[in-house]
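The structures come next, written out as structure tokens.
Paired with chain B in one complex and with chain C in the other, chain A is shared by the two complexes that follow.
Right after this comes the complex of A and B.
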């Protein structure tokens, strides 16, 4: 067996080990390579940037833990953007485990031990303000601070449960749920996951159906995002933004070309681009997990390209393109 | 304390799953079986909490007006279970038939519009217009010709010979291959992203040696 044949018959576990090392080392020596936001990610950012406290969006966690490494950072980024701009958010899930992922994302953004977190005000805690009939966002915050509540130094803002967020969770046959929500959100979700009636929530008063929603961000690990297009966009013209895994990204570019979605975050790269936009525009002091991960991704990709080139050199230099099969284990 | 236990369980099972890369072993098998079992258990619990209890049991037990109508879909749903009993297994066809019929009726018109008609509309674009930027013109030409070439490749009623069908199908193969290449590149990125996510969890959340 000559050197070329040895190279082509290398035990694949050595490749796994090399990739593993390439994915660990950059965490300790970050390169900080720049990431430039693409037009399709900026489309989502600009759309949310054009919204305010009088609008409302849906962030749907349409994925399960298997693709959380890609989908979770983009969902967190979209939620952060909405919270920072006081845009009311309905949080839904296409899959049962997506509800748990949504709960984790909300916990991450409201984690008091982290810098730039959002102070979560539970439904019962601001009941006295609701009893006074105050419903507008600025009025709620003013009344809340007048009661002696001060925003902690490391917090970015308040999130009032029932006004800034309604965590609706999962329902089966979600494509039919989307269809139902085009008439009434409360008909599908009479309560949020804690059991609070939706019709009592300030968020619901001006946003009763998908017709009153200004954007649905679907972070999907499968074809769930197409249901939003089919039953939301095509039925009532609901603006849709996709956050999809890298594997799916090429399949869904067609929806950008056709103008059916306002933008798309593709894989970890798309999430990192959104994090860059949030950082550059002052919505976050640091970068998120996706941006840090992309540094590692770059090194891993370089290694894969190097191995592909090396394999091709061995293949052609060894003259294997003229033979029908290789010797050895292959 | 419960969070710490959770972290350790998640970390050990992550390592267990990745140990398959070396060779198959009992820890990998345990992790593989548990992930299926736990997911199914969670799905059943959340479906009961989010659907069966609030949308079926509570309205019926509280005597809500018209709640008896809910028994119709409930019984229809229960007919699925008849599959386990050979004598009455045929009854399970009724809920399936209902779902297929309703699903087709609800989904077909909107799916056609979203995934076929809108895409057709998006491909019927002018190749050139006065004042159009040159990069947009090139993009439009590539898109229209690429779509036509790929469609010619999948037209099997004529031999792929001559200028139209022969050259067209060859260009179509290239277009499809470029598409596959882009998909493969994204797939590599996706798989590495998942590994990065797990390494971030192991080194960060579990071992606390990175931020």
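Right after this comes the complex of A and C.
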């Protein structure tokens, strides 16, 4: 066995070890290389940037924990953008486990121990303001602060449950739920996950069906996102934005070209691009998890390319392209 | 009867809702609303069948002491215990289910604990393993053996470098060419595949509605 054959028959555990090191080291020595946002991600950002308190969006957690490393940061980024602009958000989930991912995202954005968090005001806490008949966003905040509530120093803003967010959660056969929501959101979700009737919520008064929604951001780890196009976009013209894993991203460029989606966040890179846009435009003081994770991708991609090149050099230099089989059969 | 009634339901339902889509009338909309409310309820009965079938399979395995029968307990115990903790047990005994995480309403019962500390890491780990296997597979299988394989290899390297910031440091044209590959050659190929799949789905659905394709009936009525 010559050196080339030894190289090609290297124990795969050495490769696993190299990848393991490549994944761990960047967390201790961050590279922080600049990321330029692509047109696909800017399409989503610009669309949300054009919305305000009178509009409403849906952020749907259409993934499970397996793809959370890629999907969660993009959902968090879209939610942060909406919260910062006081855009009412309906939060849904295509899969049972996605509901908990949504809860974790809301928890992350309202975590009082973190910088730039959003102070969450529970439904019951601002009942007195609703009793006064105040429903517009600016009026609610004014009345809330007039009651003596002050925004903590490291908080970015308030999130009023029922006005800024309605956490609807998961329902089975979600493609049918999307169809049903084209007529009425309350017909599918009579209450939010806490049991508060949707019809009592200020968010619902001006946004009763998907026809009143200005964007649905679906963060998906599978083909669930296509249901939003089939049943939302094609039936009533609902604007859709995709957040998908990197391996799926290549499949959905067709929807960008056809104008069926306003943009797409592809994999961790897409999420990092959105985080860069949020930071550059003052919606966040720091970067999120996706930007940090890109360091790992930098090294891992380089390593895989190096391995491919090395494998090809050994293959051709050893003359194995002329032989039918390697001795080690690995 | 076992075959003709399901076939009739599929045919009538399929044709009805094909037509309904194009009728913007209140009655048409009401029918559609009824359907979207009923369909998930009917579909939920599949859960009963699924759980029943799973229980039968694994309880038989345990009774017969079949190969790896011990693992069946790992299926059956959480299958019944987790819903009990989530839906029946009071919060003081570790019950409850994670609802809205905003504000102070945070529960940390058995259900949440199992989800956050078992299910999330397990699923994330399974997906993460891909990186290791892809690296190993790429080293062993990605060879420039032919002209087409060489084109594939070069395109893959360019797209991989174009997707990460370090690629831009190596060569400013990497992201541009990478995006061009994704936006044009990739898009063209995917469009062709999507159209083919779309026409195939349309043909299959028409065959099902009109009773030409009957495999979905399984062995019913035979």
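In this section, the second predicted complex is superposed on the first by the 329 of 330 C-alpha atoms of A that agree within 3 Å, B and C clash if a C-alpha of one lies under 4 Å from a C-alpha of the other, contacts with A are read in each partner's own complex, and residues count from 1 in each chain.
The rule is short, and it goes like this: a residue touches a chain if its C-beta (ideal position, glycine included) is under 8 Å from a C-beta of that chain, and two chains touch if they have at least 3 such contacts.
A quick note: this is a predicted structure, and the numbers were derived from the prediction, not measured.
Of the two partner chains placed by the overlay, neither chain B nor chain C lies in contact with A:78.
By the touch criterion stated above, A:289 is placed in contact with chain B alone, chain C being left untouched.
In the overlay built on the shared chain, the residue A:28 is in contact with chain B alone; chain C does not reach it.
For chain A, the partner touching the most residues, choosing from chain B and chain C, is C. Using the contact criterion defined above for the overlaid structures, shared-chain residue A:190 touches chain B, although it does not reach chain C. In the superposed model, A:67 lies in contact with both chain B and chain C. When the shared chain is aligned, chain B comes close enough to touch A:234, but chain C does not.
In the superposed model, A:41 makes contact with neither chain B nor chain C.
Contact with both chain B and chain C is seen for A:250 once the two complexes are overlaid on the shared chain.
Of the two partner chains, neither chain B nor chain C is touched by A:203.
The contact surfaces that chain B and chain C form on chain A in the two complexes overlap at residues 16, 19-20, 23, 64, 66-69, 97, 100, 171-172, 176, 179, 193, 246, 249-251, 254, 257, 267, 269, 297, 300-301, 304. The touching residues of chain A, when paired with chain C in their complex, are 8, 12, 15-16, 18-20, 23, 31, 33-36, 38, 64-69, 97, 100, 103-104, 106-107, 110, 120-122, 125, 159, 161, 165, 167, 171-173, 176-177, 179-180, 183-184, 187-188, 192-194, 246, 249-251, 253-254, 257, 267, 269, 294, 297-305, 307-308, 310-312, 315-316, 321, 330.
Residues of chain B that touch chain A in their complex: 21-22, 39, 42-43, 46-47, 50-51, 54, 106-107, 110-111, 113-115, 118-119, 121-122, 143, 179, 182-183, 186-190, 192-200, 203, 210-211. Chain A meets chain B in the complex at residues 13, 16, 19-20, 23-24, 27-28, 64, 66-70, 72, 96-97, 99-100, 169-172, 175-176, 179, 190-191, 193, 226, 229-231, 233-235, 245-251, 254, 257-260, 266-269, 289, 292-293, 296-297, 300-301, 304.
Touching chain A in their complex are the following residues of chain C: 29, 32-33, 36-37, 39-40, 43-44, 47, 98-106, 112, 115-116, 119-124, 126-128, 131-132, 134-136, 138-140, 142-145, 153, 156-157, 160-161, 163-169, 175, 179, 182-183, 186-187, 190-191, 194.
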